[in-house]
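There are two complexes below, and they share chain A, which is joined by chain B in the first and by chain C in the second.
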Partner chain A sequence: MENTKDESWHPLVEGDESRHDPLDEVANADHRKFLITALIGLVVLIALPFMVGDYYVSLLSEILIFGLLVSGVNLLLGYTGLVSLGHASFMGLGAYATAVIAALLGYPVWIAMLASILISLLIAYGVGLLSVRTKGVQFLLITLAFGQMFHAIAEKTRVTGGDDGMTNIPRIDLGFIGLDADHDRVFYFFVLFCFVVAMAILRRIVESPFGRVLVGIRENEKRMLAMGYSTFPYKALAFGISGMLAGLAGSLWVQHSFFVNPHIMTWEMSGEALLMVIIGGSQSFFGPLLGAAFYVLAKDLLSEITEAYLMFFGLIFVLVVAFFHGGLAGFAGKVSERFTRGKSGGEERQ
Partner chain B sequence: MTFFLFNLLNGLQLSMLIFLMAIGLTVIFGLMDILNLAHGAFYMAGAYFGYVVFQGTGSFWIALAVAPLLPLVLGFLLQYFVLQPLIDRGRSAHLDMALLTFGLLFFTIGLIDLIFFETLGLTFMSIDKPAGLGSYVDIGTFYPAYRLFIIAVGLIVALIVWLILERTVVGAVVRAGVDDREMVRAMGVNVYVVFASVFALGCGLAGLAGVIAGAELSINISMGVQILIPTLVVVVLGGLGSVKGCFFGSLIVGMTETLSQAYVPALALFATYLILAAMLIFRPQGFFGRTPKSV
Partner chain C sequence: MNAVRKITSLLAGAGLLAAASTSALAQDKTVKVGLLSDFSGVFAQLAKDVEDSWMLALEERGGMVAGYKVEIIKEDSENSPQVGVQKANKLIKSDNVAIFGGVISSGVGIALAGVADKEKTPFVAGFAIADPLTGKFCSPYVARTSFSANALQSAAGAYWAKQGVKTAVFMGPDYAAGQAMLAGFKNGFEAAGGKVVLEELTPFKTTKDWGPSLLKAQQTGADMIYTFYAGSEAVQVVKQHAAFGMQEKMPLRGAMWIYDEALWDAMGGVQMNAIHVTNYTNALDTEASEKFEKAFSDKYGRLPVASNAMGYTNAVAIFDGLAKAIEENGGNLPEDKAKIISALASLKLDNDPRGPVHFNKDNNAMQDNLYMVQIVEGPDGKPTHKVIDTFPYGEDLPGCNMK
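And then the complex of A and B:
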């Protein structure tokens, strides 16, 4: 069943725009729903930092940064059906790349950020080329293996401080618009800007024919192969893009916390990213973001009571996998559906 | 030469410890398609319960005999009352069960942290080695007797598992189940009881490994994850579901970890992963694994 050779990269429906498809109406309704949700979310994200204290602004930045990471993880898990247990290493890669280029080599932070996005894309694509040959449990283990290797390299490298990591990483210089990113509120808006741009691009990707092929792979890879799609390059590129998002998250993380150490590359971190995706709901675009918000806030609340917060997350995770397959997003979707249906007097679509 | 012998025995000792973990994991996967990531949790359950029993009775041997019963019973309950019903209700054995047991691992780590560290204030514990095994044996070099004991236990368990699987009716049922579950069911075997029993025995062996490790290594919160990763590597190297592969896989991983640490420390942290990555790229089904059944 090897067909990695042919280079078919054609979109799913070529020159098919004129075709009238009853499904288009559903797609349009979905798109409208997406825009409304996105707009409400954006307004909330812009308004919130003016209503809460400094501490919570910093938590909000954390949520957005983890949101980028888990959206990347979800491109593989939710859209393509591949469970990666090594994505923290790409976050670490982005973080270390930014730290080295900005703090050690002294280049401006924006160059460091662009470079770390590119580096994480390339390395993730390379890792993807090797690992997407496998799937299921083997894929989980090979990503774990690569993750552990990167972690080991980070621990062994002297220039970056080995196990202790690096401190005093600068934040981006926003002097050209007269702002100082060292203020948490200003930095939050910078993170929000990166977040919105990345999410818009990601939405374009998953709605494109490329994204459709990924969903096809998740649903039935054999059928996609039978239809003539060489699935291998699609999966490898999806892996690369998802690693790139993780890299961007790492690059922002290191500026947010001013330091980096190998701890952000551990497999526990990758596991926590999976927790966020599953708790939030893997098969929706916004679900993982809800998961990230839930995770950061709940961790903050729980850590006041107990250090053993993992116990609660583990339990919630088990319950979600066992009973609430859609996660938080699936739950919210059901509630809103019931709500709208109740308002429109039980009128059923289709 | 004595340095080499010393390291060889250390490698063998680690191999046997990993083997006790991996044998359960691989048979469970072969039979039920479940990648039990909570295996590390059962290992911890064995070690911590062993510590409690040891504190209560003062005897290593009682702890060794009693403590694996907890993971054994928990494993049976988990498979029979949680995992199997969920699979019957349409959750995928492959993905969902791996995720669920992964959550369970996190839960157990948190729970143990809460009980032993936050409540009792214990961090690094250990079980005392039994009298007679605490000393060193002269075999050209002075070698800890307890590590020879670990090697012996590993070899004995390997022999027993092999005998059961190859020479008894129960073993025949299990082997048949690995090959074709539905057929075994059609032959009138209650596969659910077989599944749960095998799951329980695998968890019991993980618990046994936990108690044994508790007297040699320290009992701490990260022990489960520490042993789980080489175990997973073994299972993949040997081929999922293969007992023979599991034994040789354990030897490869145990030896690689120990010898690389002794001779090329720079490589030690990722030698095993290099082997794993190479393996998955060139022979994803493992040394002794068969190519997956075509659907």
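And then the complex of A and C:
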């Protein structure tokens, strides 16, 4: 359990401040790149809603909500190397928790949201304790089984309308700052606020020693074990955190759509989340967000053109996997690299 | 200009205007109407049925309501509430529709009722029979032109109790719709003196063998089995019930879903002589029904079925409700869109193919009568409906608290 004392030989453990490590420079450059990307992204996300119509503002909210879900999925898929097919159920748990606490029990929405986050964290952690003992196909199937179980419970629960679901779920009351979240733009900025806070925390997590251990597990779990890490609690906690992000997404989703029913917990939803991650690029922090944006916008556009849009979706998916190594984010990274390196990059090739 | 106008109104009649640009006719007044329904997924056929009737109703009005040209914008909710909400947002915020309707699925319908209420844009459910849609989730921006599960099934229950049926077994799928149908049937049946001796709810979508359920039903010795199943489940239940030799002793009855015309071929004859309740059949011989039947079969070359009739009510209510709201507002579309729903709900649709239809205080459609029909051999040797009785309609469940 105890970390090895000699830390100089591998990059997974934070080095001594006084020692000069060439890897630190790489890390600093990465960090700078991250900050620049995040800042540009934030400016775009703040400016966009003033440039588009109400409908696209609601689509933007949707993208950010799915962005939270897929970032959670990516903590497992991209960082830890675990493929879960049950994350829609944690989104559903968050959604139902908010719906029940706010709409049925009548508590303020912010309390319902906090409760949703906590409930999804605890339940996902519990599920994680049981399921991360397995890997590969077994892990995929056990998460699928848990997902189906939660879906079945939601279908059977009569106080929440069973399969029909329930509507008229309130949005958060922002009256204390004089705003009405029923307006699309106001709600969008509330979602953006939650999103930025969650992403900042997630970034802190993946950059921490904890996050490095997760990457180590993805790369070679046996080596991590040999180095003295008990990988099990790391994986279980990663599962819990990723479920929590899904729960927050669910809580925002019911407020966005005023509605919840078991459809949100189907395994197809979990599959869509995986698709978004893979299209966007699972090996990058922002990749899944690109994937979510691409998925929502492409679906919106294609479904206007043809009812058989899923066919084209499949085609795009195949093309991305075949030609864009690392998804859209990998592609964007390559383009920007070539752009910044300019001529020298071109010469190197020759 | 005149020729252009003529061509475009023809297009509107054919329902193709959604794609056509209106820029050339900017001075003409246009009202946009959303047709949002489950065009893909298990309800695809029903959604198509509703659409066909919309186009018929629009054609009958020359593509116009009260001087406004009607532009239909069609969207597919894919039998998914998430997609439905997104498409409703598009219709409301991007296309600026005055009103939208359609929708088969109850789950989608309930989701859209919430959106309509929040966005203050009228929504008229075309099928979506879940009780809470115009009950717990009722709104001045929401109406329904089909019926509620309780109204239909409680009336059917009361009818059978009054016919001398004392005991019944209820069988249905164990999800929201099955439970609502059971509750409705039980309400009517037991209030009129009957007794439901067994409630057999089977796992939805996963049951393939109804033998154990049918055996349990047999052991109760009840007078009949009352069911709610649809699609392939209906076919299997009807066939297995017949294979058990229970048709004489314990007949299998239900509403239009279990013996839907579309399933007759798959049932292979065992549906003959079965009796079920419906809110419309093309065997009706009222003047309004005959007129609709002729118009529909002239346009599409086939006889209309219940979902066509419900789509027709949906379209007529929307178009005539719009016309009334526009006329009441001095020839202009009212700013306050709740007025469209209140105008719609005040309509008396005396010429509806289903029989006279009006709306109750929850904005839900009520028709004067329901029909008990039997599947018999028609003059051409093919199965057809025969109306064997007409009986009064039921009540909606309470629960609407309109703001």
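Miscellaneous remarks
Simple rule for what comes next: the second predicted complex is superposed on the first by the 325 of 350 C-alpha atoms of A that agree within 3 Å, B and C clash if a C-alpha of one lies under 4 Å from a C-alpha of the other, contacts with A are read in each partner's own complex, and residues count from 1 in each chain.
Convention: a residue touches a chain if its C-beta (ideal position, glycine included) is under 8 Å from a C-beta of that chain, and two chains touch if they have at least 3 such contacts.
Computed from a predicted structure; not experimentally measured.
Once the two complexes are laid over each other on the shared chain, residue contacts for A:141 go to chain B alone; chain C is not touched. In the superposed model, A:317 lies in contact with chain B only, and not with chain C.
After overlaying the two complexes on the shared chain, residue contacts for A:336 are found with neither chain B nor chain C. Applying the stated contact rule after C-alpha superposition, one finds that A:155 touches each of chain B and chain C.
Residue contacts after overlaying the shared chain place A:278 against chain B, while chain C stays out of touching range. Taking chain B and chain C in turn and counting the residues of chain A each one touches, the greater count comes from B.
Using the contact criterion defined above for the overlaid structures, shared-chain residue A:307 touches chain B and also reaches chain C. Looking at the shared chain after the overlay, A:133 reaches chain B, while chain C stays out of its contact range.
When the two structures are aligned on the shared chain, A:83 is found in touch with chain B, with no touch to chain C.
Common to the chain B and chain C interfaces on chain A are residues 155-156, 307. Chain A contributes residues 81, 83, 130-131, 133-134, 136-138, 140-142, 144-146, 148-149, 152-153, 155-156, 222, 267-268, 271, 274-275, 278, 306-318, 321-322 to its touches with chain B in the complex. Residues 29, 35, 82, 86, 91, 94-96, 98-100, 102-111, 113-114, 117-118, 225, 229, 232-233, 236, 240, 266, 269-270, 273-274, 276-277, 280-281, 284, 295 of chain B are the ones touching chain A in the complex. Those residues of chain C whose C-beta lies close enough to touch chain A in the complex are 39-40, 76, 80-82, 85-86, 89-90, 92-94, 106-107, 110-111, 113-115, 117-118, 130, 132, 137, 174-177, 179, 204. On chain A, the positions that touch chain C within their shared complex are 53-56, 58-59, 62, 155-156, 158, 161-169, 182, 184, 257-259, 261, 263-264, 300, 303, 307.
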